[in-house]
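Right, I'll just put the structure down here and ask away after.
Order of writing sets the labels: A, B, C and D. Residues in every chain begin at 1.
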Amino acid sequence: MLTGEQYKASLDDGRATYFEGERVKDLPGHPVLGQVVQNVADGYDWLAGQSVDGTNPVSGIPRTPDELRQKVELVHHAGMMAHVNYTSIMTLATAAGRLAGAGPQYVERIQAFTTSAQHSDIRITQCITDAKGDRSLPPSRQDDPDAYVRVVDRSSDGIVIRGAKLHITAASFGHELMTIPTKAMKPGEEQYAIAAMIPVNAPGVKIINTTYAPRHPDPRHFPVSGLESFPEGFVIFDDVFVPNDRVFLDGETEHAAVFAHSLGLWERLGGLTSMADGADVMVGLAQLIAEANGLTRVGHVKEKIAEMIIHATVVRACLEAALVHAETGVFGAVFPNELYTNAGKYTGAASYNLMVRHLHDIAGAAVVTAPSLLDLENPEVGPLARKYMSTSKDVDGEYRTRLFHVIRDLTADSYGGWKQVTNVQAGGGLYAQRIVTRKHYDMDAAKHAALVVAGLAQDAHGPSKGI
Amino acid sequence: MLTGEQYKASLDDGRATYFEGERVKDLPGHPVLGQVVQNVADGYDWLAGQSVDGTNPVSGIPRTPDELRQKVELVHHAGMMAHVNYTSIMTLATAAGRLAGAGPQYVERIQAFTTSAQHSDIRITQCITDAKGDRSLPPSRQDDPDAYVRVVDRSSDGIVIRGAKLHITAASFGHELMTIPTKAMKPGEEQYAIAAMIPVNAPGVKIINTTYAPRHPDPRHFPVSGLESFPEGFVIFDDVFVPNDRVFLDGETEHAAVFAHSLGLWERLGGLTSMADGADVMVGLAQLIAEANGLTRVGHVKEKIAEMIIHATVVRACLEAALVHAETGVFGAVFPNELYTNAGKYTGAASYNLMVRHLHDIAGAAVVTAPSLLDLENPEVGPLARKYMSTSKDVDGEYRTRLFHVIRDLTADSYGGWKQVTNVQAGGGLYAQRIVTRKHYDMDAAKHAALVVAGLAQDAHGPSKGI
Amino acid sequence: MLTGEQYKASLDDGRATYFEGERVKDLPGHPVLGQVVQNVADGYDWLAGQSVDGTNPVSGIPRTPDELRQKVELVHHAGMMAHVNYTSIMTLATAAGRLAGAGPQYVERIQAFTTSAQHSDIRITQCITDAKGDRSLPPSRQDDPDAYVRVVDRSSDGIVIRGAKLHITAASFGHELMTIPTKAMKPGEEQYAIAAMIPVNAPGVKIINTTYAPRHPDPRHFPVSGLESFPEGFVIFDDVFVPNDRVFLDGETEHAAVFAHSLGLWERLGGLTSMADGADVMVGLAQLIAEANGLTRVGHVKEKIAEMIIHATVVRACLEAALVHAETGVFGAVFPNELYTNAGKYTGAASYNLMVRHLHDIAGAAVVTAPSLLDLENPEVGPLARKYMSTSKDVDGEYRTRLFHVIRDLTADSYGGWKQVTNVQAGGGLYAQRIVTRKHYDMDAAKHAALVVAGLAQDAHGPSKGI
Amino acid sequence: MLTGEQYKASLDDGRATYFEGERVKDLPGHPVLGQVVQNVADGYDWLAGQSVDGTNPVSGIPRTPDELRQKVELVHHAGMMAHVNYTSIMTLATAAGRLAGAGPQYVERIQAFTTSAQHSDIRITQCITDAKGDRSLPPSRQDDPDAYVRVVDRSSDGIVIRGAKLHITAASFGHELMTIPTKAMKPGEEQYAIAAMIPVNAPGVKIINTTYAPRHPDPRHFPVSGLESFPEGFVIFDDVFVPNDRVFLDGETEHAAVFAHSLGLWERLGGLTSMADGADVMVGLAQLIAEANGLTRVGHVKEKIAEMIIHATVVRACLEAALVHAETGVFGAVFPNELYTNAGKYTGAASYNLMVRHLHDIAGAAVVTAPSLLDLENPEVGPLARKYMSTSKDVDGEYRTRLFHVIRDLTADSYGGWKQVTNVQAGGGLYAQRIVTRKHYDMDAAKHAALVVAGLAQDAHGPSKGI
C-alpha cells in the first residue's frame, strides 16, 4: 500500500491540470487545491492503519452481503477518493461479468488491469459524462462529432481518442481515468462505443478543475468544505493514444451501456450511503440548534424534526433493504439490490431540498448572518457578539455561532449549493433514477395482484384481498 | 379449530348489535351484514386448510424473524377478522411481557385467557379508542365522566364498567372485546386505568355498526368492498359486569399505556403490510389502465407510474427493514422494529392521497362514469357501450369497464373514502405516528454525528465526514 | 322564462335515456334520478325570481369585468344545470368570435341558435370527450373508426353522425347536446371535424346515466350528494341526422380545436369558482370539527388549518387575478384571463387531495364511523350514542354527528370520490392544464428578465436586478 | 435629493462598523464592502433621474391602489437600500395611524422625523429582531436581561438603551436605525416596549457585517451577487443615548406590537414583489438552459417548466389580488391587502426550494462544474473548453457557460444559500406567516359556508351549494 507521502510524490508526473485559467505546477503546494491532496494522503494512511494483511482492506470483491456492508462502510469513511476508486473497481468487476459476449479479450484485460491497480494501490476515477452537445440528437448527428468521446485514429498498437468528459470528481487527484461510454450506442455509432483506461498524465489529457472550496481567510467557518472539497474535473482528451491492453471496449455498440449500468449501481449505492448518514446529520443539527435556540418544545419545530427523522429513516430503510436483498453476480460478486438502491437514492435526493428548508426554518436567519469567529475574537465587539449569540447560561455564544456556521457551510453556501445540484444529478438526474427504478420493479407481479383484486384473475392466496 | 359453520352458529348468542336504527336478530342472514359473516367463515375454513397439526397456524408466538414473517403473511391473507384477532393476541403477549410491575396476577390472567382463546379458536377484537369528549381535557376533567371507559362499581367478584369504544373494526363479528385504555393515565385517573376482556354478548354491551359496504343491486361493481367489508363497531358498555379473572389492569395508572403501545406496534405492522401490498396493487392498476388506454408511452404517465413504483418500493423497504431488525422481547417473542414500522406506516399514509391522484390522472374520468355491467347487458345499448368502452381490437370493452369499476371501488367510492380516512387514522393520526417515530429514533447518535461534522466532537471513524 | 313545472313537462319528449340496464320512462318520477329533475326545476324558479325584466338574468354576453363577475356569481348559485348551460352559451359566443375564417354561415347559425335558445330558456349541455379508443393513435388510425364522433353520411339537407361522447354531465336533463370536436384535427380527418347542436330526443341518441347519488334509505346522511347529484351521461350517437342549420363546423380541420379551446376556458373558470368556494368550505369544516373535538389549540391542528387557509386564499387570488385581468374578445365579450384561470384551476386540483388528508387528519375516524341519525333515534341505543358523540356540554351529539356526515359525504364517500376524480379530470387532466398554462405564459418576457439578470441583455429598469 | 457622491461622503461620519474582526475605516474603499456603497450611490442617482419635481419619487404616501403599485415598482428597481428605506418610511406611516392610543406625542414625533428624513433624502434601516436568548422564555425571564433591547437608564432629555438587533440588512450603509420591538410585550415588560430612531454613528452603536459577497478574483462569475450584495448587520447598542424627540414608544406595552405588525406587512409586500419577479426569472433561466441543452421537447423537462410557470403565476396572482384589494388606513394611506400578501409570500417561500430543484434538474451538473471564464481565456485549454461547452452551431460555449454561472450564483452558491434562508425567514419564518395569514382570514364566513353545506344553517344564495 502507498503511504500518504508516496501518494503526494506520485502526483508530480507531468499531468496537465488547470485552475481558473492557469496551469497548476505543484498540486500539493497549491493554495486552494493543496488541501485536497492532503485529504487523499490522509485517506491512504488511514486505510493502511485498517489493513490486517498489508493489502488495502477495501480491495477484493465482496462475496457475501456482510462483506459488502463492511467494505461499503470502510470506503465511506476513507473519503471521496477511496469511494471514487472503489466505485471504479467494482464497476470493472461488475462489467467484466457482463462482457463475455463482447469478447474474452476485454474480460482478460479488465482483470489484468484491476489486479495490477490493486497491487500498486493507485486511485482510479470514473469518466462517464460526455459533453453531449444537443441532448435531443444522438452522437452521430451532432454538429460537432466530438461531442461524445470517440476514436479518431487507430494503429496496430492502439487507438487515438478525442472528446471531453465532464463533472469528473477528483479527476486531477487520481492516477487513472476509467473512460466509458455515457450511454447505450446504436449501430453506426461504433466510434463512440469506446471504453479505455487512460493515465492522468498521458499526453493530450488536460483537466480543468472547478471547486466549491472556500476562498475565505479562515477555514474555521467552513468545517465541512474547508476540510473536504473534491474538485470536479473537466477532462479533455485532445487526441490521446491508448495502447490495446488498456482498451476495454472498441466498437461493440450493443455492449456500450454495460459500463454505465454497472457504474450507476455502485454510484447510487455510494450516494445512498452518504444520504442515509447525511440525513441523520441533518436531524442532529436540527435538534442541536433547536436546543440552542430554546425551541424544543414548540409544536411546529417538533413536527419538522419528526419529518426529518422519518425522511432519514426511510432512506436508511432502503439502504438496509438493498443490502439484505443483495444479489450475486457472475463471478460470485455480491451487488446491492438495484430496486431498493435506486428508490432510496431517488427519495433522498427528491426530498433533500425540503429537509434543508426545514433546517433553515428551525435554525433561523443567523444561519447566514452569524458573526465570524474573527469578530468573536475582536476585543471591541467580540465579547458583545458572544453575549448576544448566547441564549442562556448553558448555551455558549461561540458554540452556537459554530452551529450556525456548519449549517451554513453544509446547506446555505457554496458547498450546500454543490450538494443540492449533485444530489439531484448524481446517477443522471431524477428522471434517470425514475427510469432505472421502473426497470427493476416487478411490474408483472403488480399487474397480477391488481387483476386479482379486480376479480379478473385467480388468487393463489387466502380469502382476503390483503390490501 | 372451528369450522366456518361452527363460527356462524356461535354468533347466535344473544348479542345486542344494531344497524341503522334497528337491532339485528340474524347476523348471517342480514342483507348487508350477512356477507361479512360469510367472509369470516371462509377465513376459518381456509386457515383450517393451512393447518398441519390441527391447530390454528397463526397461533403461538413467533420466535424468529422468519417465523414472524410467515405468520404475518398467513394472517394477511386470512382476512381482516384473522388480522384483528392476531393483533389482539400479539398485543396481549407483548403487554404481558411488560406488565410484571403492575402485578403478577395480570400476567397470569392474560396467559390463561390467551391459551384458552387459542384453544377454542375464537376471535378477539381490540377496543381502544374512547369517546374522549373534549380532546383538550384529561378524562377526569370532562363534562361527562364517562367520556373514557371507567369502573363505576366493584364487588369482590369483579367490576362494573361504563363508557364507549369507537371505531372498533368487526366488533360485532368476534367473540370477545379486548378493552384497554386509550392512552397513558395519571394519578387520580385510577378508575380509567382499566383493561378487561369482555364477551360480545355480555349483558349491557350494545354495538352500533357502520359500514362502507355497497347498497347497489349488483355486487360486481364493487369487486373489493362487495366481497370484503368489515363494519366498524360503536361499542357501548352500558354498565357491564366483568369478573376478576378477566380484568387485566385495574387502577395501576403508571401501566395504563402498556396495552396501547403494544397494540400500536402490531396495528402499524398490519397497516404497513397492507400498505406495501396495496401500493403494488395501485401500481398494477395504473399500468393496466394505462395499457388499456394506450398511454404507456406518454411521458407524464410514465413519470407518474414511476413515482408510484418508488412509493411502493419505499414502503416495502420499511417493512423489510422492520422485519430484518426485529427485536426480541421478554418471553422470547419477536417484534418488528418500531422505528422502521412507524416510518413506513407514516410514509404509506402520508403519500396515499397523492398516489390516488396519480391513479385518477392516468385512468381518466371513466373511473366515475363508466357504464354499469347491467348497461353492458342491455340489448339496446349494451353492444354500443361495449364498442365505445373498447379502445382497440386487443382491449375488450367489458374488461376495461371492469378495470374502471375496481379503481372506483378502491379509490373513488365509499370504500375509497374509508381507506383514505383510516390510512391516516389507524394508529392515531399522522401526528401520533410522528411522535412514535421520534421516540424510537436514536437522537443521541444523530446529535453526535452532527457535532463531529461541525468539528465540535471527535470522530471515531476515518478521515471523511462521510456525508 | 320557463317555470320549474314547464321544465319538468319538457322532459317527456321521447328521449332514450338509461340507468343501470333499464330505459327510464319517467325521469321526474324515477327513484334515483327524479331528485335531479327537481333540483333543475328549482334552479329555473330561482333564476326567475332573480330576473328584473322577465329574461334569464344570466343570458346575454358580459361586456365588463364587473358584469362577468356578476354573471359568474349568479350561475354559480343557480346550480349545475345553469352552469352547464352558461358554459355552453359562452363557448358558442367565444367560438363564434374565432370562426370567421371557417365560413360566415357557421357564425350566423351559431348566433341564430343562441338567440333562439336564450329566448326559449332551454338548457344545453356540452358534449366534448370522445370515446377516443387507443390514446396513442389519431382518429383516422383507430381500429374502430367511430372512436371519435364522425360524419358517416350526408345529403343536401344535412348530415348523419355516429360515435359517442363520454362524461357528459347532466346530458339527460337538458334539451340540446352541443357536440364539438374533442381536440385539433389534421388534414385527412375531415369527417371528425364536426360540430353540431343535437336535440336530446333526436332519433338515434341514447344516453346511459351513471351517478354518485346515494342509495341509502335516509338522505339526511348525504347533505350534499343527497340534494345535488348530476348524473354523467354516456351519450351515443347511433347514426343521428342533423339538419344543416344545426351544423356549426363540417370538415374544416384547421378550426376543429376552436370549440374545445373556447369551452376549456369557461369550464376552468367554473371549476375555479367552485374550487375557491369549496376550499373555504373545507376550511370551515376543519375549524368546526376542530372546535367540536376540542382541538383548536393543538399546534399541528392549527398548522393544518393554516395550510388549508393559504390554499383557499391562493386559489381565490387566481380567480381575482383572472377577473381583474379579464380580456375583451371580438364581439366585445369579456373573458377571464386564461393564464390565471388555468394556474388557479391547476393549483386547486393538484392540492385538493392533500387538503382532504388534512381535513381527515383533524376530524378523526368518526368521519367514516359516526352512527347514523337512525341510530340516534333508536330508543335503546340512541340516547347512549348521542351521549358519547357529544364532547362537552356545549357540543351536542347530533350536531357533531352531522358534521361527520357532511365531511364523509363531501370527501370520503361516493361524492367525495367523484370530486377527487373530476377535480383532476375537468378540463383534461393535470397534464392538459399544465400545457394550457404554459401556452398563455409570457415566456419571452421571462427569458429576457433572465438574460438581464445574467448580464447577457440590457435592462430598461433601474440599478437593481429586483429579485 | 442627494447625489451618489454626496451619499458616499455622508458615510464618513465616525460610524463603528466591523468586518471579519476588523473595524472598517473607509467603507467606499473597502475591498469587499465598497461595491455595496457604489450600488447605493447608483440607486440615488437613478432615482434622481426618475424625479419630476426634484423630490424623491418614492417619498410621500400612496393614496390609491395605482399609486401604491407605481411606488412599489419604482422602489423595486431602485435597489435594496431604497427598498429598506421605503419599508421603514411606510412602517412609520402605518404605525402612526395606529398609535393614537399610545400618546399623541409619538404620532407627532414620527411625522416630524419622517418629514425631515424625506427632505434630507437619507436612508433608514429597520432594526427589529432582538438577540432573543432562549426562545421559550419571555424577555423578562431571560438569563441575560439584555436579550431584548431595553431601556437601562433615563434622564429628562432622553433614554439610554442596551441590546442587539440581528439580521439588519444594510445597517452599515444607511443613516438611521429604526429600532422597534420585535413582538408584543406584556405588563411588566415596560423596559422592552421601546421604539426609537438612532443615528448609525451615535456613540455606542457598533455593527458587525456579514455578507454573501463573493471573494473570488473575477466578479463575472457572480453576475448577481458580484454586483448586488447587501451585508447583514449585527447591530449592538452598547448603552446608546436617545433624545426624547427620537423616542416613538416608551413603555406602553399594549402598543409594542404595532411597529412589528406595520413593518411585517410592508416587508412581506416587498418580499412578494421580489418573489414574483424572481419566479419569472427562474422560469426564464430554466427555459434558456433547456434550449441551450437541446431539451425543450423532452416530456419531463416541459412538465418541470410548466410547474415553475404555475408557481410564478400563482405568486403573482397573490400580488395582484393584494394590490386590487388594497385597503385604506387612517391618514388615507393605501395598504396592500394583508391576507393575499401573506398567502403569496408564504407560497413563494414554501415552494422555492422545490423550484430550485427543478431548475437544477433541468440544467444539469454543469451548474457547479462549468469552467470559469478565465479557463475559457487560457490559450491552452480555452478553445477546447469553449468547444465542449457549446452544444450546437447555434449555442456558443461562452454563452452557455455564463448561463450556468448565473444559475449557480443565484441558486447554488453563497447568494443562493442566503436566498433560501432569507426567503423562509423574512417576515419571521414559515410558521409566523401561517399565523398572520390565519389572523386575516374571514373564518366566520368560512364556518357559515360550511354549516350551510352541512344543512345546519340557512343559505341566502341560490339552490346550489356552489362547491
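Just so we're on the same page, a residue touches a chain if its C-beta (ideal position, glycine included) is under 8 Å from a C-beta of that chain, and two chains touch if they have at least 3 such contacts.
Here's who's who by UniProt: A, B, C, D = 4-hydroxybutyryl-CoA dehydratase/vinylacetyl-CoA-Delta-isomerase.
Everything quoted here is computed from the prediction, not taken from an experiment.
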item: Which listed pair, A-C, C-D or B-C, duplicates the contacts of B-D in over half of its pairs; value: A-C
item: Between the pairs A-D and A-C, the one where more C-beta pairs touch; value: A-D
item: Between chain A and chain B, centroid-to-centroid distance (C-alpha), Å; value: 41
item: Whole-Å separation of chain centres (CA-atom averages), chain A against chain D; value: 37
item: Between chain A and chain C, centroid-to-centroid distance (C-alpha), Å; value: 50
item: Two or more partner chains touched - positions in chain C; value: 298, 300, 302-303, 431
item: Interface residues, chain C side, partner chain D - complex; value: 39, 42-43, 46-47, 50, 74, 76-80, 82-83, 220, 223-224, 227-228, 273-274, 277-278, 280-285, 287-288, 302-303, 305-307, 309-310, 312-314, 316-318, 320-322, 324-325, 339-340, 343-344, 346-347, 399, 402-403, 405-406, 410, 431, 434-435, 437-438, 441, 443, 445-451, 453-456, 461-467
item: Residue ranges of chain A in contact with chain D within the complex; value: 16, 18, 20-23, 129, 131-137, 142-144, 146-147, 163-164, 166-167, 206, 208, 210, 212, 215-218, 232, 234, 236, 238, 293-298, 300, 350, 352-354, 356-357, 360-361, 364-372, 374-375, 377-378, 380-381, 384-385, 387-393, 395, 408, 411-414, 416-418, 420-422, 424-425, 429-431
item: In the complex with chain C, residue positions of chain A that touch it; value: 298-300, 302-303
